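Note that subunit A is present in both complexes that follow, paired respectively with subunit B and with subunit C.
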Partner chain A sequence: MNIEQQYIDLFEEQYDALCHNSTELMNAPRKEAMAHFEKQGIPKKGVERYRYTRLDDVLKVDYGVNMQCLLPKFNPYKEFECDAKGLGTDLHFLVNGVYYDKKPSDAEGVYVGSLKKFAAEHPERLRPYYNRLAAAQKDSMAEFNTAFVQDGLLLFVPRNTKVEDTIQLINILHSNVDMIIFRRILVVIEQGAEAKLLLCDHVTQQQRYFSSQVIEVFVGENAHLDIYDLEETHNLTARVNHVYVEQEGNSNVVINGTTLHNGLTRNDIYVDMIGQGANVELSGMAIADKEQHVDNHTFVRHKVPNCTSHELFKYVLDDVAVGAYSGRVLVERDAQKSYSEQSSKNLCLNSKAHMYTQPQLEIYADDVKCSHGATVGQLDEDALFYMMQRGIPKTEARMLLMFAFVSDVIDQIRIPSLQERLHHLTEQRFRGELDQCAGCALCQK
Partner chain B sequence: MKEREEQNQFVKKVAEGKYKYGFTTDVETATIEKGLNEGIIRKISAIKKEPEWLLQFRLEAFRYWQTMTIPKWAHLNIPEFDLQSISYYSDPTSKKKGPESMDDVDPELIDTFNKLGIPLEEQMALSGVAIDAVMDSVSVKTTFKDTLMEKGIIFSSFSEAVREHPDLVRKYMASVVPHTDNYFAALNSAVFSDGSFVYIPKGVRCPMELSTYFRINAAETGQFERTLIVADDDSYVSYLEGCTAPQRDESQLHAAIVEIVCMDRAEVKYSTVQNWYPGDAEGKGGVYNFVTKRALCKGVSSKVSWTQVETGSAITWKYPSTILKGDNSVSEFYSVAVTNNFQQADTGSKMTHIGKNTSSTIISKGISAGKSVNSYRGLVKVTPNADGARNYSQCDSLLLGDQCGAHTFPYMDIRNETAVVEHEATTSKISEDQLFYCNQRGISTEDAVGLIVNGYAKEVLNKLPMEFAVEAQKLLAISIEGSVG
Partner chain C sequence: MLVIKDLHASINGKEILKGINLNVKPGEVHAIMGPNGAGKSTMSNVLVGHPKYVVTKGSVTFNGKNLLDMAPEVRSHEGLFLSFQYPVEIPGVSMVNFMRSAINEQRKYHNLEPLAAGKFLKLMREKRAFVEMDSKLSNRAVNEGFSGGEKKRNEIFQMAMLEPTLAILDETDSGLDIDALRIVADGVNKLKAPDRSAIVITHYQRLLDYIKPDIIHVLYDGRIVKTAGPELALELEEKGYDWIKEELGE
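The block that comes next holds the complex of A and B.
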């Protein structure tokens, strides 16, 4: 039986259970999404957007699905500490895609909490947002998520409200069997509002996981949003992550992704700029060795004049790791005075490591400034020699250079304490000391 | 200054004539019936009195082609065309046995080539260019054959080479572009009619530029020529290719193959000025140009350099590429692609690094005007054994007008840690400041745009041989004519 069929059958058999443990708003688009998934299937060879990542192998595994939305016995607030700790963040947990209950925040009108719960209480407030961007792209893997997803996180910041603390969401994958996890994150930042969201991915047991995540982001006029995404899982974990962003006029969005440890990661970031003066900054860093696979795919659409977009992606690849970056910038006919730059810089430390890079420009307006650059290379011999001459051992010198290489991606982060933490983590990672997250009770068991 | 103005005046005059190669020539032409099937292929082969192996090659390619479909990945809007409704062989010289001397060539034909600015006769001695002219499907006349023969250089039409040097042709044909390569390569391998063959023996530096001029004349025909260039050890050749077609309302198909084999320390310089009929201002007619060009740097320290100026064709689908197999081999790709009105171009280069210490350079300049779409698509591939590979790519796009599109799709596929690969691209319009500066000095906006565009393309034009560079400059000016509002 082919892979798709397993999930199609599961969907039909378990449809009632799926709906029962979710809410009407999230149940409504399920059938249509499934029909699309059925039609398109898992992206096959020859699908340009998935050119560098094959998903059929990781989906072949017989995964369990958490249909009943069960929560583990431990309390993550007590037992789990993320590596990016001590940041004074407002902490939330999704365990296997289910929101681990917490007392809602006191701030007026701001909602951070279970998507399912809020959708059940106020469906009319989320109806204009939920699944609007994801459905429009018709990506079969996002449709797959829409069909099965039952819960997730909602971040709702009303007009002219500034959320001071960084909101941190920790995704924990915790299971005794191989498991597939679906989760949804919906972010609505209304006009003039401001928020920062930090996402961390962790796994606690050496099982195979497939996590499917869809993030929909709506940023109103003059609003600011930062999303930082830190992935630290193990090499049996596959993650397909779709981020859909819609930006109104003069809004400012930063999305920064860091992949420190993973199995297979595919990040799809779509940004639609529908209001003049919007600015987006996408950046990503990956340190991959062994058989890790990191694929970042971005698509920025300049739909109106005077928008700017910046992209910076840096990879360090060792062993037989595979890295891919494909970025596309589309400047539509009326989007004059657009400014866009893409940069993809990569280090291959080994002849078996493999890097694909593909920055693309598609431009239909004439008064624009667009550029892209891509490089693949190795460490500068002269710089190494210079340092060795001054008594720095070669391994240390290499480390320093690699560290310097990725640091400008980290410098894009607008939370100083997180920046510092990431500098520390990458250094540990380069030294090979970071095989599991330090300090948390779960990992040390 | 005055000189420049005169030049601009001249360019304008030329430009007002629009597509000046749009005439047709009234020569007797033998065209076989339309359609494509095994019978037609056998017929072409029989007309050309080809040996059995070549017929088998064609049939094999045809059978393979039947299993294929038109590639859809390019950023092009390719209208449906019926491959059964064109004739695959058209011979303007068929009433004669084949030209032995100038007297044998149909005077109308000589006239045509004179109009195109390619005098086939002795005047060429002055510029020192040997020409093989291909009209519709058949090579009309090759000049200077004897002079070249003295040095052991073979420069002849493809069919003649098949007759006279079958071993050479058989050894190298399809060794770089196999019939299984792509849809249009398979089609060409099945129905190719003629083309040029060049062989430069060991240690010979070809004393003159070799040149082929292609022209589609007859209506409802397609042109499918093949060029094969073999440069043996330590040799050098510079090869030029030019193309024109008459102005017709219906579109014509051109699907060619160019193969270059470069042995130890040999160097081949291949320059193209492509000026097929681009269709009228409403986008009607024009040549569909689907060309497969590939060079193999087989020997150590060999070098292939591609230079192209693409101004014509309604649709251009063309990726001159090089396989750098020999250690220390070098390849360069310089391109200017101009699109105006409804033209569409998807062009670029592919560099495959296999040998050690190989290096490649890609410089691509796209200029789009009117309602045209111009894309750069390129691949740089470094295989695991290609230690010390080096690539530098730069593609710039210039937009003249707000209705056109300029796109860049570079692919990089790196599997070696010692490789250094760089890619840079920019897209912008002509800067207001530059225009203002020119206007201030009394240069009209139109002339200023011409100047700026020529300056922008200079890096590439400089790589062209002298005679071509002049022609290319004029072409550039004509192509962007009327695009400044």
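The block that comes next holds the complex of A and C.
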């Protein structure tokens, strides 16, 4: 039986349980999404967007599912000593895709909490948003998520409200058996509002995990949103993450992702700029060794004039790791005075590591400024020797060079304490001290 | 201090050094002159252990130890310093982090604690003043976007920080303006001590006017073909290298 069929059968058998443990708003699109998934299947060879990442192997695993939305005996608030000492964030947890209850912070109409719960109480408020961007793109892996997802996080910031504290969502996978989990994050930042969201992915046991995540982001006029995403899982984890962003006029969005430790990762970031003067900054850093695989795919659409987009992605690959970056920028006919830059810079420390990089520009307007560039290189031997002549041993010199290489991606982070923390974690990773996720290294001092 | 015996070295299978003999005693300053392509930089690089070069014959001892057996960083810790003819740019690595690593690695080698942050910055300030280097330069990445002269000044700054016992200056004077030349020369002179030595590679007399060498060598086609007192430099400046070639019967 093929892999798709297993999930199609599972869907049919468990449909009632799926719906029963979720809510109408999330249940409504399931069947249609499943039909799309059935039609397209898991992306096969020849699907351009998934050119560098095969998902068949990681989906072949016989994963357990959590359709009853059970929480394991595991209190993340107790087992993750994460408090003001750390980053001073407003902390939330999804354990195996299920929101771990916390009193919702209701200050000034801001909602941070269970997506399922809010959707059950106020479905009409989320109807204009939920699954609108995801469904439009018809990506079979996002449809897969829509079919099965039952809970997640909602961040809703009403008009002209500024959320001071960074909201931190820690995703924990915690299971005694191999497991597939689905989660959904919906972010609505209304006109003139501001927020910062930090996402951290962690796993706790040596199981195989597959996590499917879809993030839909709506940023209103003059609104600001930063999303920082840190994956620190292990070699047995596969993650497929879709981020769909819609930006209105003069909005500002920063998305900065770090793959510090993983198994197989596919991040798919789609940005629609529908209002003039919108600006988006996408950046990413990946450090991969052993057989790790990191694929970032971005697609930025300049639909209207005067929007700007910046992309900076840097990878450091060792052993037989594989990295891929494919970035597509589409400047539509009316999008005059668009500015777009894309930069993909990569270090392969080893001749067996592979980097595929493919920046792509499609321009249909005539008055635009667009640039792109990609490099794949090794550490500069002359620089290494220069440092050794000054007494710095080769391993240390390599460290300094690698660290220097990625530091401008880290510098994109606009939360100083997080920036500092990431510099530190990156250094530890290069030194081999972070061989795998040891709990929330971000929070534990 | 440094004893080089019959040193042969090659790059990509091509022999460049063809039997160098040189003996530098503590406190001495030697100058090495010689036409382009003679092998001066090659000799410097071989001494500091550049992996591009292969030593095919000969020996080098430094303070009685076999220099050629040491890793490049160990040579540095043992007191050897090369001011490169072409210093490399290291984008993204700040001068401060670079120097802190260098100093603390050296201290570690000598079983000393790392320097406290305050003390380190004070040392940076002192040495910067010593070579009259703009503080802006030391806040930047190593050599990145430095002008030719600024790079050379930065080499002397690093030398002042690391206080080597044997410094090799490979054309540190080229590309320097008159003031910078004096500062570099002063930098070298201030480091002069009975237990410190220097090898100064140059094409010009003017640096030697400031740094008074004890001995002058001419390196030609991979060998030291002439050794004499300071007056030799003046003679070379006046007459060029042809007469030496003639003496050698070429």
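As a working rule, the second predicted complex is superposed on the first by the 429 of 445 C-alpha atoms of A that agree within 3 Å, B and C clash if a C-alpha of one lies under 4 Å from a C-alpha of the other, contacts with A are read in each partner's own complex, and residues count from 1 in each chain.
Here is the rule we go by: a contact is a pair of C-beta atoms (placed from the backbone, for glycine too) under 8 Å apart; a residue touches a chain by one contact, two chains touch by 3 or more.
These numbers were taken from a predicted model, which means no experiment stands behind them.
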### Task
Answer with clash or fit: subunit B and subunit C placed together on subunit A by superposition.
fit
#### Entry: Contacts of A:C348 with subunit B and subunit C, given as first, second, both or neither
first
### Query
When both complexes are superposed, which of subunit B and subunit C contacts more residues belonging to subunit A?
B
### Query
So, does A:Q206 touch the first partner subunit B, the second partner subunit C, both, or neither?
neither
### Message
Taking the superposition on A as described, I'd like to know which of subunit B and subunit C A:Q68 touches: first, second, both or neither.
### Response
neither
### Query
After superposition on the shared chain, which partner residues are touched by A:H372: those of subunit B (first), subunit C (second), both, or neither?
first
### Message
For A:F405 in the superposed arrangement: first (subunit B), second (subunit C), both or neither?
### Response
second
#### Entry: Centroid geometry (CA): angle subunit B/subunit A/subunit C, rounded to a multiple of 10 degrees
70
#### Entry: Which of subunit B and subunit C A:Q360 touches, first, second, both or neither
first
#### Entry: Which superposed partner A:Q5 touches (first subunit B, second subunit C, both, neither)
neither
### Query
Is A:N160 contacted by the first partner subunit B, the second partner subunit C, both or neither?
neither
### Task
State the minimum pairwise Cα distance, in Å, between subunit B and subunit C in the overlaid complexes.
14
### Summary
Intersected contact list for subunit A, partners subunit B and subunit C none
## Note on the structure
Per the touch rule, the subunit B residues reaching subunit A in their complex are 73, 75, 384, 387, 397, 399-429
### Message
Applying the document's contact rule, which stretches of subunit A touch subunit C when the two form their complex?
### Response
380-383, 385-394, 396, 400-401, 403-405, 407-408
### Query
Which part of subunit C faces subunit A closely enough to touch in the complex?
48-51, 71-73, 75-77, 81-82, 84, 87-93, 97-98, 101-102, 105-106, 109, 141-142, 158, 162
### Query
Can you list the residues on subunit A that touch subunit B in the complex?
48, 333, 336, 346, 348-378
